[in-house]
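Two complexes follow with subunit A in common, the first pairing it with subunit B and the second with subunit C.
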Partner chain A sequence: MIDYAIEVRNLAKRYRKVRALDGVSFDIAAGSVCGFLGPNGAGKSTTMKILMDLIRPSGGHAFVHGHEVGRAGLVARTRIGYLPQDPVFPAHLTVRGLVMYTARLYPGHPTGRALRRRVDEMLDNVGLAAKARRRMTGLSGGERQRVGIAQALIAEPDLVILDEPSAGLDPAGRRDVLNLIAAISGDTTVFYSTHILDDVERVSDSVVMINHGKVVAQGPLASILEASGQEYVVGLRGDTTALRARLTAEPWVSGLVARDHGSAEEWRIQVDDSPAAADGLVPALASGEGYAVLEFHLSDRRLEDAYLDLIGAQSVE
Partner chain B sequence: MSSEATALGTAATGTWGVLRGETQRWLGRRGLFHLVLWLAVLELALYHAVTTKNQPFGGLGYESLMNMLVISSALIGIVLTAAEICSSYHSGTTGWVLGKPVPRSGYVVASVGGLWLGVAATTIFVPALVAYWWLPKVEPYRSVTPEALPLGRFLIALVLISLIMAFFMGLSALLAVLFRRRSAAVILAAWAFLVLRVPFPYGDWMDYTPARLIRTNINQGGWSELTEYIYEVPFDTMSAVTGTLGLTVAFLVAATLVFRRLEL
Partner chain C sequence: MTAEPASLSRIETNHPFRGIGGMLGVELRVWFPWRVLLLTIAGLGIYATIYIPWRISGVKQLGALFLWSMALWLIFLLFATISLSEGTVLGDIERGTASWLVGMPIGRPAVIAAKAAASAAGVSAAVYIVGGVLYPLFEAASREGVTRFRVDELTEVTSAPIGKWGVYVTLPEAGQYFAILTAIALLGVFLVAVMIALGSMIRSRTAVFGMGLACFAALMVGWLIARDALAVSPVGLVTAVTEGLQTKPIELAVPAAATVASSLALVALATWNFGRRELS
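Let's look at the complex of A and B:
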């Protein structure tokens, strides 16, 4: 039996006439690192805020480690570390003071020297040991985000919810955040939202995609990539009119994008029935006349392609 | 039962953490800055009042001190509470704290409570005790009251001023969570202060508010009940004290009920 850290069932949220969430359902297995993807306004932050009991859903249920949010949100939050989007921390606190303040909000927190040692270790992990005595107002955006990660992890939670943890970070800062996520994965469930799909591919094992308040895809990253279809890259020279007409008529071709490179063309052929494409594409290319095939290979399909297929299609609708 | 106990323990830990943080904030470096600034303003104003007025009786120095403390503590309490609640709400700091195991009711009570403890110490007790020490030493005040007032009664009067401050902070907190606009909360709470302060005829129900403690009584030479008390005049305003305490609690309860429904 799978142990779920998060279970969401038909979650809905309305703001007057706007449906921010419209029947969102997904599960996140304990110990996984799940990227939460979607365009701006898709409902990612709303979902996360409902999980943190900061806003009330208009319908549906959400459970964190079996505790229903809303009814037992307080107890559920003892096992969650949370970093909101664009967090504003109390300006009067130092870096160490803020992480210590956060630690003291959790039941069973260490005290005295043990607490100071724990806080110093955490600041060392996020690379802020040298700036422990600096006030929050004197930190750069990337440093503030690292403090945000530190305060989310200080209570050694079972679940970490991070709303765009790499937003505003430079490449080095992004790398550090990803390394931190990778370091805690396994023992800790990480549920984080982001727009940086490369990051998701690097550290996530599962993905939930949301658009217009509805889940458009969810599951293991490999399944998402596979389910979104395959793409072949074909390089051609010559008269390809007949070939294009023939291929676009094939039922297993879901899309064909051609790019003109002077005397040659590059075609990207999306297929949604891989076996049929494997059987049919090569004979189709070989049977034509008046053109030469310069290049032919299966594209190294990435999450960005899957995302654009799934979210892009929805956005057009 | 066990989950209830866990929830209670969690709530207590979170609330205590916020209370501790808020109190430390106002008693730390920031509090020291406020204290020095406030000491300078209050003591200089008091010195000016004491040394330039033609005083027919010796209590005017303490009367001035009590008046200054009542007015300043109420208004400072109103402004700081409204600013604290509204700015934390709009900046997202409230949402960040409540993302931790902190109950909403505990957050409101601990925020206002921590603010009250810290600000009462720095704007009421320390300046008042400093004034208590130097007032009898200053001419012409020294010639009319060569001895200091009983310290016990003076301290109790300061506790009552702190209660008055808590009353207006509770009112400001309720207005702040209702309107989420600092200006609206400050204007309405300050208006309530003026209504309770200005001496015009009022109904018996006002005896259960801070009005009886803070308004000046023309028949008593412009003294308030609070000032009379420190001169060992028998105290007959317990209804005002209990009423103020009850209303403070009621404001905070109402504020937590409204706050629990807020979306962050």
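Let's look at the complex of A and C:
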């Protein structure tokens, strides 16, 4: 039996005439690192806010470790560390004070020296040890984001929900965040939204994609990539007119994009039936006349390709 | 639904006031020491602005010093309470700190209760600190000056038409003085509750501030035109303060109980509103 950290069933949210969420359902297995993807306004933050009990759904249900959000939201939140999008913290607190305060709100938190050691360790992990005594007002946007990550992780929660954790961070900060996520994966479920698809490929084992308030894909990352089809790259020189006509007529070819490189052409052939393509493509290329095959290989399919196929070329940042 | 992970051996409670201790600590830091210090300095400043001309004038009338210090302190304190409390709930919602707070394992009622308690503690502390510092000064002044005087003579010092307040004013006994301070503190607590309730209902800080001032004005108008009819209400506390300053016997228990009950009802209303509010 799979343990799910998050179960979402038919979640809906309406803002007057706008449907922010329209029957969203997905599961996230405990211990996984799940990237939550979608264009701006797709419903990612709305879903996360419902999970955090900040807003109420118009319909459907959400559960965190079996506790229904809303009815037992407070109990659920004892297991969650949360980083909101563009977090704002009380200005009068110091970095250390804020992280310590957050830690104290969780049941079973360490006390005294153990708590101070834990806070220092966490601030060191996010690169803020030297600024522990600084007030929140004296921090840059990236530093505030690091504090946000520290306070989300300080209580060693079973589930961490991070709304765009890399936003505002420089490359080194982004790398640190990814390393932190990688370090806690396994023991902790991480559910995070982002527009940086390279990050998702680096640390995530599963993905939920959402668009216009509906889930368009979910599951293990490898399955998403596989399900989105394969792409062959073929380099050709000569008269390819007949070959192009023949290939585009094949039922397993879902797309063919040709780029002219002077005397040669590069074709990218998308296929949606991998076995049929494997059987048919090489004979098709070998049987023609009047051209030479310069290059032939299976493309290294990336998440960005799958994302663009599934969601369309909308606001990939 | 999914079974509990074995690692989750944490204490579970859905108690709405969960986390109030930690939250109260943070909120108290909003008021202590800086806001309380500010109110204290302002209160003593009001005393000084009256004490200095009193000394220069050579008119040894304690009552002028006492009456004006306390009256101005009351008005200033209530105005300052409105001003400092107008963003207590709405400011957090607007800034986004409310989303951060409520995203942690803390009940929404705990957030409101902690804010109300910290604000009430801050205002009360300022009242008792200023009052506590002033009383020995008044006593010292009474030793070198006249402790009983005609109010119409006050115009020599203040140029103020306050003769209608009474014929004679003396320094109240310590017990009466403490009761006056308690009445002032409770008026401050009531206005804190009003501001928190307004902040949970209205989405404009300007409107919250304006309605807070209107409530303050209503208290004063109520005292001027219907103090007897409104005795079992916070208006009764205004009556207690003004009569206490004139060393008349005062009735504090009933208006105090009514004010505490009203304040609790307003905080409960704020809790209900905040519980329903969506935080983005």
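Heads up, the rule we're going with is that the second predicted complex is superposed on the first by the 312 of 317 C-alpha atoms of A that agree within 3 Å, B and C clash if a C-alpha of one lies under 4 Å from a C-alpha of the other, contacts with A are read in each partner's own complex, and residues count from 1 in each chain.
Convention: contacts are C-beta pairs under 8 Å (C-beta built on N, C-alpha and C of every residue); 3 or more make two chains touch, one makes a residue touch a chain.
Keep in mind that this is a model prediction, so the values were computed, not measured.
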Side-by-side fit of subunit B and subunit C on subunit A, or clash: clash
Touching partner for A:92 - first (subunit B), second (subunit C), both, neither: both
Touched partner set for A:117, first subunit B, second subunit C, both or neither: neither
Larger contact residue set on subunit A - subunit B or subunit C: C
Partner chain in contact with A:4 - subunit B first, subunit C second, else both or neither: second
Subunit B versus subunit C as contact partner of A:261, first or second or both or neither: neither
Partner chain(s) touched by A:30 [first = subunit B, second = subunit C, both, neither]: second
Touched partner set for A:72, first subunit B, second subunit C, both or neither: both
Residues on subunit A lying within both footprints (that of subunit B and that of subunit C): 49, 52-56, 72, 74-75, 77-78, 80, 82, 84, 86-90, 92, 101-102, 104-108
Contact set on subunit C toward subunit A in their complex: 1-5, 7-8, 10-16, 18-19, 22-23, 25-26, 29-30, 95-97, 99-100, 102-107, 278-280
Subunit B-facing residues of subunit A, complex: 49, 52-56, 72, 74-75, 77-78, 80, 82, 84, 86-90, 92, 101-102, 104-109
Residue ranges of subunit B in contact with subunit A within the complex: 3, 6-7, 9-11, 13-14, 16-18, 20-21, 25, 28, 30, 91-93, 95-103, 263-264
In the complex with subunit C, residue positions of subunit A that touch it: 1-4, 7, 30, 49, 52-56, 63, 65-66, 72-75, 77-80, 82, 84, 86-90, 92-93, 101-102, 104-108, 158, 187
